[in-house]
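The two complexes that follow have subunit A in common; it is paired with subunit B in the first and with subunit C in the second.
Right, the complex of A and B next:
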């Protein structure tokens, strides 16, 4: 018995030693760690994100890598579960010893990893939306998507331009919807817009007629805003049309995708939402600095994966490119230097927007990076 | 001497202690300690659940609800109201015990599928409350939890400590702490099992009618063990929250409940060491399989299925039986 154990231990030791030798021989690649929700309920985020990362890491390596070193992508699937995300972040930092982390598809997954990242002092670029990730600023945490607060600002500003000051709000109770609701209420108060009706639905509801009727019966409502994710907003949109509601209708950036148009069908006609320029690459004006980046990303992604490009993948594109740019600017993978370089990136033109980072702003985008789109004849139309 | 040791009542506890304290020899980075700490905390929860499932023969599909309640009570009290960790853990556990008693009395009258449905519903309700009470719990995006602290002394996974002249980093300190907690949890469970209560519970498992006939107050014992297992879950939830530093309502969710039950069934119902093994295996598998990526879920499912088909009694009892048989054969051969 003891003999067998000893023999086994010996074997393990041999394997471990072999592993060590091999890793010493290879020309030290730059390790980019990632934990994404590739499967599970948030897979629509994680899947395009992973595809984007894989594809551009390959592309960068073919072009000679960064600082003459190859990139190595180490990624794990957190299945949309925050404790898994934390474990994988721990594994990336302590076991794989990555140089930088680009990942975290959902706010929960990101926030679960934040305490670890802050302690271990590893630069971390999150791909999740909520405003809490970078407000207050956390030294080592950055993010590429605009926050839900910006979406609220952009929507309410567009409403104000149309002379709307009293709105009805309907939101999902999931993470995205409820955080969006909180931000909308705050921003509305600052901008002097009254939220007369405030109703919610849960992710598994299949009919929101009751909530919408409630809004319709509220006196003085001039427009309706829906903050939500997944299929809920599509149902809200269809119910909205079925009820024959004529008020201007807004959706959030959470549904800014072509699949939403398919789900909602004709009912979506006339609704507006803030979105990434990625949905309308060809209607951007020629002097728009993002036009080329957006067109290239769309073309490359669709050629490589033979599936439609999504805004979520674009967050990963920007995250990876920011990481690469920071490592180049720092001239090494020294974590503090990379962090500082990230913090000082100015005028990086990405797919999501133009990033201007600063020590006070670890997101670097402003509300104008959202474009307001309207659905006309079943297609997205750029309004401004 | 060896024989006498093998028959000792606390034999399992001694073996477990040896394994737990020898394990650091094989762990070589903080990530491993991290994982081992979580395993110990989860294992202690499952040891509590096993009292209900393995010994009393009742099923709970909502146990993560109690785990989550404990975690959130600790999180809310320590971060918003400045409570110290121990009172938060104790008060949380008492409250959860009361909740379990209140819901346990009526639902433990149910049997079979109805009982599982009722416990399932309890878990769901708790998860929904945690999800929707955004002002208190931070909603689906979760909330941060401060480090474990007693009278100003903090146990943080990122600190550094000195134990009897040994330099320990935070992960190692947490591991030792969790190991001791697991030992205490197992010791308490073993004592309960070997007490008159434990015998009563096993009689309920064997046949509830027969137990009632010989004068066992089955309703009382069933709710008692339900409460005990809920308290285990709550206390471990509190520790888990402190250790993780961040919790989301997923800790109270259905998936987590199922994971707990699977650990019990896979490891071996009614075997305390077995369920600990179950917890270790199920916690380790996702990390081991992570390298297979797309195939991960498929392999996970396949392993569970194969185990259940070929080892219906669970991992440890099956292994013990196999070893027992071989030893007997050997002994027979020599004679």
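Right, the complex of A and C next:
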């Protein structure tokens, strides 16, 4: 008798407790987890990304949050180290129990976390570039930056428009450069462009005159493309000018920043590269749907942090906004519903581009989201 | 064809001259103490970075260069005083490890003070390259070569004509005997660090317009300078110069004629080949074992 009473009381208590938890949950914040390379060698990615996330989580909360709930940002610094990234992803999933993850500054960090999020079934929006992240499609993994393949497509398409079919390629041997080189060679073959010279340089090289001389002496080269990252492309650009090479010159999106212009100086005059519209917010035509988003992001970021806006921060902006939009569309933080909503986002106008997600495409951007810019009088000029 | 060759040669000699200056710094300290100072690359970085940041503050270029070289010199003395001297009884390997530690420390400090970005420095004279037989030469290369040559001649005079220079040489030959004849060997060691810091920083300043400069530029350049010193025969001044130029030229030729992928591999395997046939390097001193 006593036993049954006890058991019943126990059951009742359990139900009551569950009810309490349920009602508490309605007011509980939506947890957005993030692991970024805020310090370490990739801090130029993680730092603006974290600043962007903090700033917009704050802003959204001031405006009343999402679904009437506040957002809570839980973030860790992986110092650019993939095994840290994996540990932090695990902590976000298991102990912080986040609703969605927006993070992963580098491809290495992202790929280290992918098996975990796939297993735990948590929606994950990555901020890293490489094609492998979303090709082949992984059920729970999305990403906001364009891939290097799109950059190669965009550059080669622009060359074709100018009637160029034979090029020389010079690329860095680092991860970014060598992946870019592979993509360029593949895309070039598909588009019927011949790569006549294919040379490389290592990240710490201080003079690329020899490699460029090699390209210059290759018969039939009509344009030169440099795929690389860091200071290398700036040295290539200077050597290119010193050698007096007159062929059309292209750089990749890897150096699409104002600091590149400072390093390369006058030598950069006339070169073209694919870039985010964020570099030229004011020269976008008025009917461009991205114009307002891009201008607003730039103005808000620069006012808040008193430092120059960067394309990498924009990836975090798009990641957060996609997450918010998906949660709103799903009407809850149910993970499967959010995942499905993410997959069906159409026409979201972000800073990086206009996103059209689908079950087959978890990036949602096409090559046209890159704008071709040309350096004129030491400034970026929008070509198309 | 000839223009191509000439182009590779120019490229090689320019970068080779830089390696040579770094190698000379290694040689100096090695001679005075048998320590291989792996913070040598950091002196180069300090020279370039300090000049850039001082000119950014509005200091005239020449004054900025002088101050930067002074700063590196002070750092060289501090390194010897506070890192090497306290461990005086330690063996050479320990001292070498100390210099590696010091280089990491200096690099970290530079990163905090100057940040991680690359910086540009203006060419000393015009930006217009010089054309010779179809090849182009950056005008800054002439500065690198010229200043390199002046420093080498200066060093030779310093070691053969001045008492202090002779004292350093004496210490390198036999520390005990040098102390017995009244040479203050600790002071000599400090001087060696000072002179090699000055050499390194001058190299850093003259190449900065070509290579850009950043807090971590010293790692690879320092390593290449060490390779040059080893090829030439550690401890030999001529060896350092020849080793540096040879390394630079071989690198440029490899990048031009073979493949840029193997450039560094060629450079580093050169050290193997040279040391295999001439274990003391090209100009290494013959060591006679005394029984």
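Quick note on the criterion: the second predicted complex is superposed on the first by the 357 of 384 C-alpha atoms of A that agree within 3 Å, B and C clash if a C-alpha of one lies under 4 Å from a C-alpha of the other, contacts with A are read in each partner's own complex, and residues count from 1 in each chain.
Keep in mind that, in the parts below, a contact is a pair of C-beta atoms (placed from the backbone, for glycine too) under 8 Å apart; a residue touches a chain by one contact, two chains touch by 3 or more.
Bear in mind that the values here come from a model prediction, so they are computed numbers and not experimental data.
In the superposed model, A:88 lies in contact with subunit B only, and not with subunit C.
By the document's definition of touching, of the two partners only subunit C reaches A:199; subunit B does not. In the superposition on chain A, A:231 makes contact with subunit C only, not with subunit B. Shared-chain residue A:70: touches no atom of subunit B or subunit C.
In the superposition on chain A, A:207 makes contact with subunit C only, not with subunit B. When the shared chain is aligned, subunit B comes close enough to touch A:174, but subunit C does not. Looking at the shared chain after the overlay, A:112 reaches subunit B, while subunit C stays out of its contact range.
Under the contact criterion defined above, the residues of subunit A that touch both subunit B in one complex and subunit C in the other are 173. Those residues of subunit C lying in contact with subunit A across their complex are 4, 7-8, 10-12, 14-15, 116-118, 120, 127, 129, 136, 138, 207, 210-212, 214, 219-221, 252-253, 255-256, 259-261, 263-264.
Taken together, the subunit A residues at the contact with subunit B in this complex read 39, 76-77, 81-84, 86-88, 90-91, 93-95, 107-108, 111-112, 114-116, 119, 130, 132, 173-175, 178-179, 182. On the side of subunit B, the complex with subunit A involves touching residues 29-32, 34-35, 38, 131-132, 134, 139-142, 144, 157-158, 244-248, 250-251, 255, 286-287, 290, 293, 296-297. On subunit A, the positions that touch subunit C within their shared complex are 43-44, 173, 199-202, 204-207, 209-211, 213-214, 217, 230-231, 234-235, 242-244, 259, 262-263, 265-266.
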